[in-house]
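Each of the next two complexes has chain A plus one other chain: chain B in the first, chain C in the second.
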Partner chain A sequence: MTVPARRPPPLRRRRGPDRDRRLTGLPGFYLTVMRTAVAVQFQYRTANYAYMIGMVVEPVIYLVVWARVAGAQGGAVDGITAGKFAAYYIVWTLVRNMNIVFTPFGWEERIRQGRLSAMLVRPVHPIHYDLAYFAGWKVVVVLLWLPIAAVLTLIFRPTFDVSALEVLVFLVAIWGAYLIRSMLLWVLGMVTFWTTRVSALYDIYFTAELLLSGRLVPLALLPAWAVTVADVLPFKYSFGYPIEVLAGDLSTRELLTGLAAQAGWIAAGALLVAAVWRVGVRRYSAVGG
Partner chain B sequence: MNPAPGRARGLALALTFFRVAASTELQYRVNFLLSLVQSVLAVGTSLAVLGLVFAKTDSLGGWSAGQLLVVMGVYVLVGGVIRSLIQPNMQQLMSDVQEGTLDFVLTKPADGQLLVSVRRIEIWQAVDVFVGGGLIAVAAVRLPGSVGVLPVLAFAATLLLGVVAIYCFWLLLTILAFWVVRVDFLVELFDGMYQAGRWPVTIYPGWLRIGLTFLVPLAFAVTVPASALTGRLSGWLLAGTAGFTAALFTFTRWAWRIGLRHYTGASA
Partner chain C sequence: MTQASTAVQVAGLRKAFRVAEREAGLRASVRSLVRRQYRDVLAVAGISFTVAAGEVVGFLGPNGAGKTTTLKMLSGLLFPTGGEVLVLGHLPSRREHAYLRRITLVMGNRNQLQWDIPALDSFEMSRAIYRIPSAEFRRIRDELVELLEIGDQVRKPVRTLSLGERMKAEVAGALLHRPEVLFLDEPTIGLDVTMQKRLRAFLAEYNRRYAATILLTSHYMADVEALCKRVVVIDAGAIRYDGGLRELSTRYTRQQTLTVAVGESAPDLSGYGEVLSTDGGRVSIRVAKAETSQVAARLLRDHAITDLTITDPPVEDVIEHLFAAGTPAP
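Entry: the complex of A and B
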């Protein structure tokens, strides 16, 4: 048996020389890396599935608890019925999968073992590789997710009330969520350029994210001060907001301002990545090579 | 098969192994701080969720906030036992079966199952045992009415039985490695499932409750001891827990022997 690859394999195929010009360069790069990711990850579909099933336990627990509370309170908690909770946590499973990006814990290996060297000699910024690879992986993940969503829907009977605009905004928002989380975790991972004692920092970050993103509970159930804090942080735009687009009742205005906020965080993330990378990479010296 | 060694000798052997493993771990003291940070964050998150739930309701499936705090304490404590004692040994066993290095264990003149179960201890993960114990103590003191001697004894007994049941479950999973070789993904699957123990299994829908009771013996490891301390354990349930654990242990012992026959060793 082979080991499931968590690490992307090297690129083999290159486009012909005429396709390598500036304009077509980056899209071509993305397409190739994405295609590679699909091929690789589809081979590991069993491992991918086991991982996804383990992941489903988390929202099912939250869902059962809140459905119980709703039941005890005469059908709804703060206006959220058991069916709405079911809708929230089922969409949760897709958004959670969209949130899987290159882990900041992976940076230690990248730096210590000199893997970054190979990325540095390529004529594109290394973040493009991660963005493209994990985006390609999502194609496999979404395919594998469909049966899981069907089973959860049959068991928990969610109530959906979805308009065409909401579906459209959702399709954009899950990719916005993906970009925001990719870039923020990239910045966090780059802390490894300065110190390798990062796990306590990461634990604190992930706990804050868990509480204030809408992953643990819908943000509406948090106390007012926590909602205010969550509003000014990026976490909810990569988790709670896309879920509520589909499972909640946002007004058209809220739908669009959410997208605008996502765009703002994407821009901020890109600037941060560029700035931290510039300073951080100077501290990088490959070991061995 | 090895002749069964005397009980006292087995215990002395286990203690020696623990001492060696612990002194190895004690070299890495920063890990203590990291475990502490992790533990505090995890407990803080769980407390926040309890707070949110009980801001909206007075009882969850017949459990009060104080009683659920006991459940949470047991969950943290048993999680600490799993991560410090059970999981490290089982992961070592998985890799030994894959690589054939189990030979070194099997050629020793002692019981094989005992040896593979006591070789490693991740002592810093045991922080959770103390954090969980503290939570249980705080919760028990705050329960209305004082907790009697009998519930405490029943709690200690069921906690021990629960840990044995979880150990058996882990060993059974690991024994699968004798046939299918790669079982690492089961570790991730179990970690996911274990989270369900945070809440009493009685709140889950029927099919899930049965699974969490008999397939993954979470009910016996977490819910039953917590029930004992909060005075909701009947004599029947106590006897059932003892019976189930004894049966599971016997079955595991048998499965271990069958599994060993399928072990092909390093030269295969």
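Entry: the complex of A and C
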């Protein structure tokens, strides 16, 4: 028996105004890649939830420990109450998700499997693809984060004292944090151009970041010398600073100098990315991909 | 050095790689930690050729001959060690966006398509990357989908497609910006015969319709025979032959096959040449090309021949002979 050949239906036409008339060039590219990232992530809803739950375990452990310590010390540790700890670690979960960027592991795979070659023959810098893709991914993650944040709030009863300015600065700072970490890990990932493997370096970076960013413990609880070190390194501006904006008691001056520091690190990161990329791609093109 | 009708100009192009080497085993592995040994490998050893706009050229050669390295230098993925390359008036190694918008590189095992979503969504991304106006994009996309017969496949997540379907979708994605020069590295690798034929027919049509220049490498002679009037044979980084595919056979064929039909039972014809096969009354004999007409005349004189055909060996055999003989470049 033969099955009659079926002609596939015509391809769908987009409704509404032509997108090109609204957004062209790089912004148009960002929008399309972000849409693609959302489409990809929606394919894996269960995996996304499993990932989110895994990500919440870490701050909940910190939170339970610090809440117990605060309780044992009469309700506060260095002036941070259990409610403040709860606020810190609930905001932590959102900032941590904003911190998910293209990692050096991805770089290793990209170079080993030759995917970078495919990207190099396209007329757009690959960093734009990574920035746009992970930004799109955040849309999905934030949607999934909302119910988790609600549950954490009901259980741990955080204390928030937030002004409109703080909310505004926070909304900018979380994207600043995203850009800083993206640039730094891109630079680290590009070491793969020379070494093929970069995981060991990433482990060192990760340890330093864990201690000096405010991820493991709020920076206010570190010794004075460690706070000074953290102030001159970028890690704090991709983690502790945005959390403090919403969950801490920063003055207006501290809020704005934090944003300025973020802008400085973004600029430094961009320059570093451009410089290392230039040399690295030349090397990659010399040895083959 | 570019002319209006010349798409690719290559002069004295060289590429050397520095390769780390060590013996097998743990001891050699530990030794290489302290003192690593390198060897310089000349992958492309000063080749020169030009390709006219709209021409389809096949790069032939054994594995490691330098074909893919050459394509990578032409597309801007590799910096040449020496020599000059100009494609469409651009220096490929600069990888200017204006250049990359005019070319495409398809490598059999490197994918541009997103694995988890339908190819249609990846095509949208290409639209954004190449800044193709929406109306034009839809027209080209629909045309490619129709030509490649992938109307159903482009709606499924790419990971669910067969290798052949994926390859066709890759090719469609690589041509959305309507490149003027196509670098195709083993475009039909791993595909079944039907799929290979469709892809070949499509590439021939694309070349005809848009006067696109195509440089392709392939291990399948059928690809080359179907698409390329001209071939460049590379071996050990050097050009061994550059010219017409038909002339390649004429120039390098040393032997021909005579097939004769001699009634119901074939006599012993081993005195005329090397008997390749006997099938009922049909006998195939391999003879030196210079003696073909003489042997044919003798056969016709000595036997009651009802049919006689003379054929050249397959191009694969000619090329194999070319590599084996170490024939210098003409």
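We adopt the following convention: the second predicted complex is superposed on the first by the 260 of 289 C-alpha atoms of A that agree within 3 Å, B and C clash if a C-alpha of one lies under 4 Å from a C-alpha of the other, contacts with A are read in each partner's own complex, and residues count from 1 in each chain.
Heads up, the rule we're going with is that contacts are C-beta pairs under 8 Å (C-beta built on N, C-alpha and C of every residue); 3 or more make two chains touch, one makes a residue touch a chain.
This structure is a prediction, so every number in the text was calculated from the model and none was measured.
Once chain A of one complex is fitted onto chain A of the other, the partner contacts of A:Gln43 are limited to chain C, with no touch recorded for chain B. Look at A:Val151: by the touch rule set out above, it reaches neither chain B nor chain C. When the shared chain is aligned, chain C comes close enough to touch A:Arg282, but chain B does not. Of the two partner chains placed by the overlay, only chain C lies in contact with A:Phe29; chain B stays clear of it. In the superposed model, A:Arg122 makes contact with chain C only, not with chain B.
Of the two partner chains placed by the overlay, only chain B lies in contact with A:Glu58; chain C stays clear of it.
When the shared chain is aligned, chain B comes close enough to touch A:Leu211, but chain C does not. For the contact definition in use here, the chain B contact set and the chain C contact set of chain A share no residue. Residues 7-11, 13-14, 18-20, 24-25, 28-29, 31-33, 35-36, 39-40, 43-44, 114-115, 117-118, 120-124, 282, 285-289 of chain A touch chain C in their complex.
The part of chain C that touches chain A in the complex is made up of residues 17-18, 69, 72, 75-79, 93, 95, 97-98, 100-101, 103-105, 107, 109-112, 114, 116-117, 120-122, 124-125, 127-131, 133-135, 138, 141-142, 145, 151-152, 154-155, 157. For chain A in complex with chain B, the touching residues are 1, 47, 50-51, 53-58, 60-61, 64-66, 68-69, 72-73, 77-78, 197, 199-200, 203-204, 207, 210-211, 216-217, 221-223. Of all residues in chain B, only 30, 33-34, 37-38, 41, 44-45, 48-49, 52-53, 55-57, 59-61, 181-182, 185-186, 188-189, 191-193, 195-196, 198-199, 203-205, 208 touch chain A in the complex they form.
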